[in-house]
Structures are given as structure tokens and as C-alpha cells.
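Should a chain be cited, it is by its letter among A, B, C and D, assigned in written order, with residues numbered from 1 in that chain.
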Amino acid sequence: MQEYDFVHRMSVRDYECDLQGIVNNAVYQNYLEHVRHEYLRHVGINFAEYAARGIHFVVTRAELDYKLPLKAGDEFWVGLNMKRESRVRYAFYQDIYRATDDKLSIAGKIIGTALNERGRPEVPEEVAKLLGE
Amino acid sequence: MQEYDFVHRMSVRDYECDLQGIVNNAVYQNYLEHVRHEYLRHVGINFAEYAARGIHFVVTRAELDYKLPLKAGDEFWVGLNMKRESRVRYAFYQDIYRATDDKLSIAGKIIGTALNERGRPEVPEEVAKLLGE
Amino acid sequence: MQEYDFVHRMSVRDYECDLQGIVNNAVYQNYLEHVRHEYLRHVGINFAEYAARGIHFVVTRAELDYKLPLKAGDEFWVGLNMKRESRVRYAFYQDIYRATDDKLSIAGKIIGTALNERGRPEVPEEVAKLLGE
Amino acid sequence: MQEYDFVHRMSVRDYECDLQGIVNNAVYQNYLEHVRHEYLRHVGINFAEYAARGIHFVVTRAELDYKLPLKAGDEFWVGLNMKRESRVRYAFYQDIYRATDDKLSIAGKIIGTALNERGRPEVPEEVAKLLGE
């Protein structure tokens, strides 16, 4: 199994499942977002506080491979690795594993950046330092 | 502007926006799913009815490029082109445009298949015919 | 059938249904919120613009009677009547009807107020005028 | 502070906040549903399994008093008391408290019943026993 910079454990809530009885496609993006924000908070970056200051962390691209659907009551964990891709772009490799058997459910790659108050891509110095690359 | 097999018009609901004041990342997947299902219904395929019969249309991969965020009250339209990629895989190219200026907001490519009652990829003959490729 | 000040037509999106195959309880509140905001916009009040100015329209109480569940693909309409209940409180009577047979699905009563920039209940003069009571 | 039969701790996820920067009204119903289902599971009743067997636990009425909005990152806990109201109706008194100061955020009363396979209200004997009243 791969090594991750950050791991977060969660479980499926019944209302996140759709009429097929499995977690709806879009909900995995919610999970991934939540874990990215937990990771950011872990390194000292509060998403909501930056938003209030006019600095917006945004997703520019998302790739998700759906391997195994999660179901009602499933516990799962999300592993995250981050890699700076350019001066203003960060890649978050995020994989979701079902906890009972550690089988891969979702393999995701999310590219993000920060927008300054004029809406231009610019990662504040302090953020770059906290992200450590 | 590109030509599309199917176009569907929608508008942003306030509750779909997050604390940044823009439509949340995951919600665009909701929009794309809704429009795929409208397209399927348009060609004679009812997603919920097939689910009730044990045939599940599922997403195997999603790629989304986020170009321009939508905001509260924005009207938008979604253009869809479909292309069979293999015996059991279909690609849905789905682009979201802001209606006021036809600017591209999201460029998406969603790969889907159908799972039979044993959970194996298999596109029923009738579905393949209705999808017309 | 009752008469309404404002009527808005919508339809169920598949992702709004949960594993029981019916619209999830919480989603009806989304529908009601969306229609309240459409009504507000109709009388000249933009929810998001007021929020940006620090004036927040908030719900203080919600009562919902669930009569008939909506399902995937159902079309429905929402009827709304508004009544000022006090200097700072407005009641929105909102009923959801299935469009095919005009059967009542949800009967709702939502109490709302406005909070000023200090978080105190205060309905701006202009808002009170636009709400017409 | 009141005593509760069941208590469950959670925290706000950023995507649950709307453009006002607070948890969206409808999301509290998600929280309450999740905690009811956790409570049911705690006493031995699996919501999804019953749904798969054609027995549906449904909400017939919801009353929510909104006292204090939760914000991004807030931790909270939900206290639940259950009371049988009639042969087929159960009342769930559910209160949400902000964890930092134990201030009441939401006071809720949710009435629920079970529908049998013909859609008629009927609480299975085994369920009534597990609910203990």
C-alpha cells in the first residue's frame, strides 16, 4: 500500500446514498474537499478564514477514477499526498479506501490554486511556506 | 462555438453556493449528472427504472476543468456530446456555459458504463440501440 | 385548491433521491428555500446581494408535514403565501404539490427574519416595503 | 442541561456552509437524520437493510427551531430522546449544541413512522421491541 502525507477516516451517511443504494458520484468530491481542508488546517491554513480575507483556494481540475462504490454504513479512509506542480498550482493525490478490506474505492487527483483579491492566481508567501514545498 | 447533440438550460440555486459565494465544486457534478440523465431520458432510457431492474448506469471516470465559477442566480446551459469508446464504455463530453455571455465555466468528460445484476460491465442490447452507436 | 401569492414549478433530479428511492427529507427544505428566494427576487429582493451587504435573511423556525413522497422524475409545483407575523417576523406558507395529480406532497410553514450587521433582528424599511405588508 | 438517551458528536464540513458563511438550513436536517440512524443502529435497527426489505422508516413531520447558526469548523453534538406517541408514531426530540460553549443551536422534533411493503403505516413487532417502548 502507498504511503500518504495525511490520512483521515470517515464513514458514509445514509443521506449520501442515492436511489442506486450507493454513494452518489458527486459526494466523493465532498469527501475529498473535506479531507483537503482538514489537511490544510493540519498544516495551519484555515480555508474559511482565507475566504473571509478575500483569498480563495479553488479547484482548477479534478480527475476521479471510480473503482468500487461505497454503501450505507461503510467506513472509509482517505489518503492524501500533495505535490507542488508550478509556482501557483498544487496537486492533491487523494485516494479513498473502504476500511473493512482496504480496497481502493476512488483514486483522485485534484489541482488547486489560490486566487488573490483581484481573482488572479497567486499563492501567498505564508501559504507556500505552510505547504512546505 | 462547438455543436452539441443535446443542450439543457438550468440556473444556480442559492443553496448550491458555498461560503466562497460560488457554486461548490461538487455541485457541478450534480449538474452534469442531471443533464446526462435528461439526455438518457430524451433517447428513451430511464435511469431510475433501470436501477429498479438491477441494471445500474455508473460513472467510471470523471475529468472536470474548472474555468469560471458560477454564482448565485446565474443561468447556464450544458452542452453534451456522447461517443462510444468501447463495447461497454461511453464518453460524455459535457460543457457548462454561463448563459449571459456564453463563457465556458466547466469542461467535463465523464466515462460511464452499465453494470448488470451480477455487477459486471454489460450494456444491454436495447440500451446500446437507444444510444445509437 | 388554495390560492397562492406565488407559484413556482420544478422537477425532481435523480441525485436528490436517497436509498429509499424517494426525495430525501432534507431536500424539500432546499426546494422551499429556492422558491422563497425566487419569490423574494420576484418582489425585488436579492438574497445574495443582501448577504454581501451584511444583511442576512434567516429562518428561525420550520414546520414541515410530509404527506406524499416525491420520486425520481416527478414534476411538482410549490405554492407560497406570505404573512407578516410581527415587526420582524414573516411567515411563509409553502405547499408542494405533485404536478401529475395536484396531490399535496409537503405542507410547510417557515418563519424568517432579517439580521442586521450586528446580528440583531431588524427588517430594513425597503425590504418591508417590497414585502408589501 | 437536559439529559439525553443518545448523544452523537460531529463537526461542520466547509461544503455544508452556504453563501452566508453559515450551515445551510436544510443541512441540519441531514445532521438530525444521520444521528437518528446512528441511534437506530445503536439499538439494533439498520435503516438501509430495512429499506432493502421494503420496510421504510419515514418522517411524517419535522419541527425545527433555529437558535444559533453553526459555522465552518464548528464542532457540535446532538442529543436525542425518543418517545412513542401512538401505535405507529415515534417522536424524536433532537437538539444540536455547539461544542465550544454547549449553546443550543437547533431544537428539533421529528415524527416518524414505518411503512410496510404496501405503503401503510405499520411498525414491525421486532422494531417496536428494539425501540423499547
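Assume a contact is a pair of C-beta atoms (placed from the backbone, for glycine too) under 8 Å apart; a residue touches a chain by one contact, two chains touch by 3 or more.
Predicted model only: the values in this text are computed from it and were never measured.
Chain centres computed from CA atoms place C at the largest separation from chain A. Centroids built from CA atoms put chain D at 32 Å from chain B. Chain A and chain B have CA centres that are 22 Å apart.
Annotation for chain A: residues touching 2 or more other chains are 14-15, 17, 19, 21, 24, 26, 30, 33, 48, 72.
Taken as a graph of touching chains, this assembly is fully connected, with contact between every pair of chains.
Note for the complex: chain C touches chain B at residues 13-15, 17, 21, 30, 33-34, 37, 41, 46-48, 52, 71-73.
Chain A contributes residues 14-15, 17-19, 21, 24, 26, 72 to its touches with chain C in the complex. Chain contact summary for the complex, chain C toward chain D: residues 19-20, 24-27, 29-30, 33, 48, 51, 56, 58-66, 69.
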